[in-house]
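Below is a structure I'd like to ask you about.
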Amino acid sequence: MNRMQKQSQVAMGLLRAIAGFVVLILAFLIGYIFITGLPNISWKFLTSPAKAFSAGGGIGIQLFNSFYLLILAMLISLPIALGASIYLNEYAKDNWFTSTIRTAIEILSSLPSVVVGLFGFLLFVVQYNFGFSIISGALTLTIFNLPLLTRNIEEALASVADDQRQGGLGLGLSKYETIIHIVVPAALPGIISGIILCSGRVFGEAAALIYTAGQSAPALNFADWNPFNIDSPLSPLRPAETLAVHIWKINSEGIMPDLTKVSSGSAAVLVLAILIFNLSARYIGRKVFEKMTSMD
Amino acid sequence: MRKRTLVKWILVLVVIIAGIGSYTTRSKRATNQQSITAVGSTALQPLVEAASEQYSAEHSGIFINVQGGGSGTGLSQIESGAVQMGNSDLFAQEKAGIDPQHLVDHKIAVVGVAPIVNKKVGVTRLTTSQLIAIFTGKVKNWRAVGGKNIPITLINRTQGSGTRVTFEKYALKGHSSAVAQEQDSSGTVRQIVSSTPGAVSYVSFSYINKDVQPISIDGVSPTERNVMLNHWKIWAYEHIYTNGKPTGLTKKFLNYLQTKHIQTTLFNKLGYISVKDMHYQRTWKGQLSKESGVA
Amino acid sequence: MQNQKLAKQLMKKSKTARYERFGRLLCLSALLLIMVIVIGIIAFIATKGMSTFMKDHISMKDFFTGTIWNPGAKTPSGHAAVGALPMIVGSFLVTILAAILSTPFAIGTAVYMTEISPKRGAKILQPVTELLVGIPSVVYGFIGLSVVVPFVRNTFGGSGFGILSGTFVLFVMILPTIVSMTVDSLKSVPTYYRQASLALGATKWQTIWKVVLRAASPGILTAVVFGMARAFGEALAVQMVIGNASLMPHNLVSPASTLTSVLTAGMGNTVMGSLQNDALWSLALVLLAMSLFFNLLVHFIGKKGAFSK
């Protein structure tokens, strides 16, 4: 074995060690969250409302709020992101205008979420007088979410082979028809996993919501699904503390005796939810891909 | 293709009908429903929130929206008239940038603030001058004030926080604390003091638990009784401000907060002291007079 | 007559063409909406942030070189105490240190995932890194407070709160970002580069070091800058472990502060429109300018090392 090969082997070993070390850190993190958190999770914890200063509070309303806000934010941001990314990837010429827009989107994506939250606070909560409400939170999350979602969808569109576009145009379809009927369906697996990955980020976001969706979770009447009633779970004008905000709040101001339990339990639920998002992103992406590419 | 378009239109129609339907059938409660909003101090938030839940349970169709955001947010929102109640840990006069002219002060409760230290420093009592020396950075080791040989780690609340203003005004006799670590919430302060050797900070009474050591000053221990008699000087009012005289639901709710029922149950749980139990009252400039100030 | 009708029909846009125009406009308007939002945010923060200098007449010099942060008060030398230098220095220190620390780990992991064991990489490492991107920063901060701070205190002395703890927390936070972007750029290196290198008799290590990493270096650099941008803007986690003392950092274990930590902590305690509040918005403006700078840097790197496939 010559010197070079030895060197190579040492380096390979080193790389393996680094990767192992990183895995160790990540495993520790996830293990820590689950080990401290999972024992506190029970059906009651997941469904009962939070308590401000006595033990035994749950996270039922916060959990519902998190999902509701996520769905609303996605409903608003998806069409915008889809349109924008189609334009960027299919229509836009490579000129200064396009590159300015790209830079702008990237600036928006690297903006600290605190700043986005304060912008949302002053615009939606104060200026438009929506108050601390789901709608303010959802709009702020949209701002927070748009750049990343646009980027993900654009990547998915870009990965569609040009042959498909040429095929569509060759059949006499217009460009827009080609995009809608051929390119977007072909990119669907990528788009779906992009959406779900963004969902994970939105789900865990706290700083942007503290000043917009608010820090209180008033009791809801789960028998009333009429969005115009203020105590209905669907009402967009009620304040809604999400799970991530709840963790932040009880760690900073909480005075309930079982604070650490609630906080670590909530953290575990959050990570679990994001885990489910990621796994389902993979699964759905694969299934859709199989279906699209199957012969029948 | 035609069929799909038809389905699409039917779907749109269904959504519109459902929308109109739910709007017209929204509960009768909703039409004469009243809602008010309180924004501000995170320290006062749990109390007002708990009281509002009880109030809503007793009076149907009432919705009181309670938000944190900090005293500064509370005062600026009430001044601009965006909300009905602004919660604050400080007198409006003490806050820069507020014109207190149109604001009406409702003193809801009194909170005591006490210095806390890590349990291992071996100090349970200090004199005022020792306390000032510690917080202005003149004394750097616990040994100098009769404790163990551990360096002092100072932890402050954020500039502008009500607890810090109260502490500097009445415990440090107007000296401002040395620049040191700052935390923006009492919960974090308590956690840090309990886990950091040599740490000293201050929290309101409700955050004192077995993890930290409260400190007696000049032989007076931080108890509610001592606050009522003004033996313990470090206390402050929790305020709810209204823009002009309160009317309607706001007035009713503020009265509700003063009822005996609320003051004996909720206040005790949260470690707040009722204004009625105070033997003294204090103006924003710090002038004392012997009366609780409640008619 | 017949001709005229036909001409009219031909002159009129077909249904498809109208549909095409409509679709194109729809997409363009979505894009313009995003533009409006970006411009709105930038203009908004710029006006808010500039009012410290325009309305309250604080000099830029005091803001960028002063070291005492107590807006509303005066420094002993008579200047307004709005010195943001400690925060700016703190932000840069944690960002750069975290980037320095995590880059070798990230590259090592990415190389392992693409070059050494792609199967295991895709099966274990990729899902785990994606999971970590989604963990909320509050949870990182919480773990930082209960694990990292005591560790730093016992190993390096001091109170445990400071630049070093902030660096460790950010290291873990930006690692997944850098890893997944580096993996992408390593994957975009054509396979025939590797084959050619191995065919020339180079060892695997030589191939990785001299060929693959070289070819992917602009992409890796972009990944690192992206990680730094994330670190720079991170608020809640850093705030819990850095100690938030607006002091110039003397060493890595003394309490310090970052732009974001002061911004989040102070926002609720100040009154809209007062000097204290304006000064905080100026900090936000500095943050915005920095993320602009990081973006331009990424573009510059991307242009310079554009890698033609």
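Should a chain be cited, it is by its letter among A, B and C, assigned in written order, with residues numbered from 1 in that chain.
Simple rule for what comes next: contacts are C-beta pairs under 8 Å (C-beta built on N, C-alpha and C of every residue); 3 or more make two chains touch, one makes a residue touch a chain.
Keep in mind the model is a prediction, meaning the values are calculated, not measured.
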>> Which category does the touching pattern between chains fall into here: line, ring, star, complete, or other?
In response: complete
> If you take the mean of the Cα atoms for each chain, which one ends up farthest from chain A?
Replying inline: B
> Which chain pair shares more contacting C-beta pairs: A-C, or B-C?
Replying inline: A-C
> Counting in whole Å, what is the centre-to-centre distance of chain A and chain B, each centre being its mean C-alpha position?
Replying inline: 33
>> Need the CA-centroid distance for the pair chain A / chain C, whole Å please.
In response: 17
>> Nearest whole angstrom, what separates the Cα centre of chain B from the Cα centre of chain C?
In response: 35
>> Touching at least two other chains at once: which residues of chain C meet that condition?
In response: 264, 267
> Which chain A residues sit where two or more other chains touch them?
Replying inline: 211, 251
> What parts of chain B, by residue number, touch at least two of the other chains?
Replying inline: 42, 68-69, 80, 184, 188, 191
> In their shared complex, at which residues does chain C touch chain B?
Replying inline: 68, 70, 72, 145-146, 149-150, 153, 159-161, 239-240, 243-247, 255, 257, 264-277
> In the complex formed with chain A, which residues of chain C make contact?
Replying inline: 16-17, 19-20, 22-24, 26-31, 33-35, 37-39, 41-42, 44-45, 104-105, 108-109, 111-113, 116, 124-125, 127-139, 142-143, 147, 172, 175, 179, 203-206, 208-209, 226, 229-230, 232-236, 260, 263-264, 267, 284, 287-288, 291-292, 294-296, 298-299
> Once bound in the complex, which stretches of chain A touch chain C?
Replying inline: 4-5, 7-9, 11-12, 14-16, 18-19, 21-23, 25-27, 29-30, 32-33, 79-84, 86-88, 90-91, 99, 101, 103-108, 110-116, 118-119, 122-123, 143, 146-147, 150, 174-177, 179-180, 197, 200-201, 203-207, 211, 244, 247-248, 251, 263, 267, 270-271, 274-275, 277-279, 282
>> Under the stated contact criterion, what part of chain B meets chain A in this complex?
In response: 22-23, 25-27, 29-30, 33, 35, 37, 39, 42-43, 45-46, 49-50, 53, 56, 63, 65-69, 77, 80, 82, 184-188, 191, 206-207, 269-270
>> List the residues on chain A that touch chain B in their complex, please.
In response: 52-54, 126, 129, 131-132, 211, 214-216, 218-219, 224, 226-231, 238-239, 249-255, 259
